[in-house]
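One structure is given below, represented as structure tokens, and several questions about it will come after.
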Amino acid sequence: MFGKVLVANRGEIAVRILRGLREMGIRSAAVYSDVDRAALHVRMADEAIAIGPAPSRDSYLNIDRILDAAAACGAEAIHPGYGFLSENAEFAAACESRRVVFIGPSAAAIRAMGSKTQGRRLAKAGGAPTVPGTESPIVDLEQARRTAGAIGYPILLKAAAGGGGKGMRRVNREEEFEAAFRDASSEAERAFQDGAVYIEKLVENPRHIEIQVFGDQQGNLVHLGERECSIQRRHQKVIEESPSPLVTLHPELRQRMGEAAVAVARAAGYSNAGTVEFLVDGDRNFYFLEMNTRLQVEHPITELVTGLDLVHLQLRVAAGEKLPMRQEEVCWRGSAMECRIYAEDPDNHFFPSPGRITQLSRPFGPGVRLDSGVYPGWVVPMDYDPLLAKLIVWGGTRDTTIRRMMRALDEYFVAGIKTNVGFFRQLLDDSEFRLGHLHTGFIEQFFARRQKPEPSGGGAEEAVAALAAAHFSAKLKLDGVRPAAAPSSRWLLDGRAEGAR
Amino acid sequence: MKLRVSIDGDMSPFEWTQQGDQVRFRLGGNEERFGSMIEVEPGIYSVLLEGHSYEVKVVPGAHGVLYVDIGARHLAIDVIDPRRCSGGVRRSRRDGPENLAAPMPGRVVRVLAAVGDDVRAGEGLIVVEAMKMQNEMKSPKDGKLIQLSAREGDTVAAGQVLAVVE
Amino acid sequence: MFGKVLVANRGEIAVRILRGLREMGIRSAAVYSDVDRAALHVRMADEAIAIGPAPSRDSYLNIDRILDAAAACGAEAIHPGYGFLSENAEFAAACESRRVVFIGPSAAAIRAMGSKTQGRRLAKAGGAPTVPGTESPIVDLEQARRTAGAIGYPILLKAAAGGGGKGMRRVNREEEFEAAFRDASSEAERAFQDGAVYIEKLVENPRHIEIQVFGDQQGNLVHLGERECSIQRRHQKVIEESPSPLVTLHPELRQRMGEAAVAVARAAGYSNAGTVEFLVDGDRNFYFLEMNTRLQVEHPITELVTGLDLVHLQLRVAAGEKLPMRQEEVCWRGSAMECRIYAEDPDNHFFPSPGRITQLSRPFGPGVRLDSGVYPGWVVPMDYDPLLAKLIVWGGTRDTTIRRMMRALDEYFVAGIKTNVGFFRQLLDDSEFRLGHLHTGFIEQFFARRQKPEPSGGGAEEAVAALAAAHFSAKLKLDGVRPAAAPSSRWLLDGRAEGAR
Amino acid sequence: MKLRVSIDGDMSPFEWTQQGDQVRFRLGGNEERFGSMIEVEPGIYSVLLEGHSYEVKVVPGAHGVLYVDIGARHLAIDVIDPRRCSGGVRRSRRDGPENLAAPMPGRVVRVLAAVGDDVRAGEGLIVVEAMKMQNEMKSPKDGKLIQLSAREGDTVAAGQVLAVVE
């Protein structure tokens, strides 16, 4: 096993990996940008190395600085987490050439799956169904229009290098094709420095269900079951769960999708942790979407139902150990769900909300796991992704898990910055959600149908709420200008000044 | 203390007094209530009233509004002290100069107009970025850009006025 | 299922039960004494009823006030937690006569197991081995002395109504018998208002291993495996784990002890949650010790390895539902361990340490569960038991669990009052503990053998520690008298005044 | 700042200066060290030194001692500022009056002697109870009880002087 591992990431995933390293008795090194000197991952590491200014390209995305840091501290391996350099084949290759172990698949496997069109070809080679569409980027507009017509509208135009909904356009009719192609291509060019775009048949309101796979360097590959990630807002997952409610109703789906995912991974020569994403239509047909060649944000729900620790496993496999279990030894217990706690303001268009966390109360007790990258007093920088923490809950059944999640959300309180904690309470209370009727258009429909809760009898809740607000307001006036952090206090001050007009 | 409170837009008179943890309060035309209130953690109140135990959480929002969570409810409350100001009433003027305020804390990544420019309602003037999300701030009306305090690279707070259109 | 349940307890167990109620959609009512108005269990309940002044006998131990509170709020059932009235047969009987469900076994079963001598008779009736000794309290000193001689010294004198080491004396030689009997009897009289004492053969350095049993009102009984609770200080458990390291080596023990425990419970006509405690000697002979007729402090470790929620189960069974599983459906996964976090000062003879919690950082992340009854700012009253929280950790193997527990303890920080968090770090680092060589005399031997860690190379740790201490000290002087809570701030002030002499 | 520190009883000179998060410090005869220190939460310090990241936790104990956790180590540290006092040296006098201080916060449940009583070393004088644990405070020496400030039912703080024996 490694003696020292460098974690080339920040936030909750860096903290999660550092915990895993400590639990395995491996020395850890963190890297940090200037605004992250006091970040939780720096506090929790055994060693810490500054790698540059706040912008990611100068620090967390800078391959040379990361590799220099690894060399300086003598780390034998690098864990890239997710995001940043985790799916960068060039980085994986650079690690190989600098003789430091990249904890993940080979550079070749990353490269193969990094292109969506090549990923589709590999999936087909592995025998996994793909959404009807083109295997290569559009070069000839006229021919592409004919292909689209043959597949049948509506179709999707998608960036070959894409992800996160960037460079993606829905096309309902042939007349829209040319304009949509131009938009998608130029957006892809801006986002990925690659304007290549391809065509896929649009699956209406599909479920997004993914399979966790795991491989060792001896060629053994297993799947660890599915995660349903259909609850998305603007193509970003917000709630994930395992088992998928669809799989609970149709248990044979797990095996079928699992085998397909393993076949895709095998075709790519895959090792370490990876995720094969599928779309599932109303007739339970599933289609390969893409493969994520790294640890997934939502890996904890798989950990809770399988009892495996994926970070520990990643380290063992990367160090050359064999997978400790065969497929038939993997078993699943109960139901797990994850809510992604973002620094964003549901009362103000979900705008990002960086700043100082002035108050933080967090949930505890049975079945509750919190993977967090923040602490009270920490100033959440405006420079990175708004994911503060993941609240993950386990229960014997989906119903227990949902109620427990509601209970945990009730115990969660953040002040100083805004979060989507309250939004989850509304979502989880929705009857369609309770029924497990999930699809990727769920949140949009939820926004349309949600209603204000009826006032309770006697108006006691309103009166008590007014009482607390009156006390809080009096205290604010008493405190005058509060000595809090720059962004939040200034914002608070502005807010009050406006209100007093 | 005699106040007025607006709860999700509905305005009512509100009175309350406190002695230690004992509180008396009355909302609108309802009966007066007696209970116990303690701020157990900053922004978190434990209120006991008629046998019920309420945990109430308060966070300030933009423009002086307070967001209050109680039970399953999420309420937007304005507390107005009539002795201090006429307060709470939102500006609704559409004439005269209008402010363009940052919708979120962030960094100014692009300024798309200059002082003196004629601008049209909905025209993008300034782009603010935070946490990998860009937000284009649009002109609230047709008019002339008479003030611009944002420069590229500036860090701005939520609600901070970046431009004025007349 | 019940519509409303009253929780007749306080602290972490009240909070744990309230969480369970909320997760099951049952309305909850808390009771509180004057010093507990702002306690966490009052905050978390749906309703709360004041039941009197701080001393337990006037509030949490007062049967009439508890029953009046239940009547006033219309609760259909009462959960007694552990301690206080939970093993009080009179209270269970009073609930029955007031037509409110007591969530636990029948008054008759509690009464039967409340007397240690009667418990021993029931155990024998059920076929469970008991430590050689007398079945009835000593009445004739001379005859008792003869019995002790026949059993063979060393023996134990134990209070029939006893618990927690009160009214217990070790007797090594016949000459000590009479004095020890007088001491034990008068201590038992003071502690339990019952001076009855009986004789047991002393098992030297036994393991303390207990079996969780569960019964429904239809007569079904299962066991949920064992918990090893050998790590005790002054007869109080401080660390518990499941599986027992002994059972891991000798798996047949679980079934043998489990069957014995179920037989004892059956003999007592037992329903709901209960625990049968055994002593295990060096030859793996096990002896019935006593039965605890309530939810146990350490129940979470059983929850983590079995995936069952014992509080949910208690509620279901008390409401008349059948046990949802048969014995052969109970299965165990991984390893769980609990550390009891007490308000006590390991640097000062483990004296109790009530007062205001001025700072509280708690552990999170994979495999960590915290059942806590406190929050930052809360003044821990001096009137009750010093248990603040239970830190419970799960891992795939005992080794992973121990390392994870160490990691979690590193993340735990409490200021304002003292805790035993640091003491656990020393204990878990002990090589005998790591090897699983546990017995009830473990901590005493640990105190004798533990050594100061060697200074690390270069003295960097000392220098950094001095640096932080210097900063802290300067800040204290700058702050002057800090506006904290009465007991802790006064204590702090006194401490500083002394140091400045 | 020039100080003296006692670490688990070993006394050494200690110097340190701070500018922002940058610190220079020297313990005893060791080389001077340069690092970065931030008090990230009250009583919790993040110190970066020579590539290492230390999380250091400080809590005050009785008699001005600070307990410091760093890595696996638990150290008792006295910080003495020579400019302010001669400080830190424990009283070791066995002559003259001796104080009897409460070993823990609690409530006085029994007072077993009266002012003017002749008492013997080890004789129980006061019983303090907290959290279901009783502690008998014993006379530190043979002598006369000249002061007694504890009464049954009193609440006392840890370290509070309850009696004096001369």
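A, B, C and D are the chain letters, set down in written order, and residue numbers restart from 1 in every chain.
Following the convention adopted for this analysis, a contact is a pair of C-beta atoms (placed from the backbone, for glycine too) under 8 Å apart; a residue touches a chain by one contact, two chains touch by 3 or more.
Please read all numbers here as calculations on a predicted model, not as lab measurements.
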Pair of chains joined by more contacts [C-beta pairs], A-B or A-D: A-B
Farthest-lying chain, centroid of Cα atoms versus that of subunit C: B
Distance between the centres, which are taken as Cα means, of subunit D and subunit A, whole angstrom: 49
Interchain centroid distance [CA atoms averaged], subunit C/subunit D, Å: 31
Touching two or more other chains - residues of subunit A: 44, 361, 375, 410
Multi-partner residues of subunit D (each touching 2 or more other chains): 41, 52, 55
Those chain pairs that satisfy the touch definition: A-B, A-C, A-D, B-C, C-D
Residue ranges of subunit C touching subunit A (in the complex, touch as defined): 15-16, 19-20, 22-25, 44, 300, 303, 307-309, 311-312, 333-334, 361-362, 364-372, 375, 395-396, 400, 403-404, 406-407, 410-411
Footprint of subunit D on subunit C - complex, ascending: 343-345, 347-349, 351-355, 358-359, 361, 382-386, 410, 413-415, 418, 422, 425-426, 429, 452-453, 456, 458-476, 486-488, 490-492, 494-496, 498-501
Subunit C-touching residues of subunit D, taken from the complex the two chains share: 1, 3, 5, 7-8, 12, 14, 16, 18, 23, 25-28, 30, 33, 35, 37, 39, 41-45, 47, 49-50, 52, 54-79, 81, 84-85, 87-88, 91, 103-107, 129-133, 135, 155, 157-160
Subunit C-touching residues of subunit B, taken from the complex the two chains share: 21, 36, 38, 40-41, 46, 48, 51-53, 55
Contact footprint of subunit D on subunit A as seen in their complex: 30, 37-38, 42-49, 72-73, 375-378
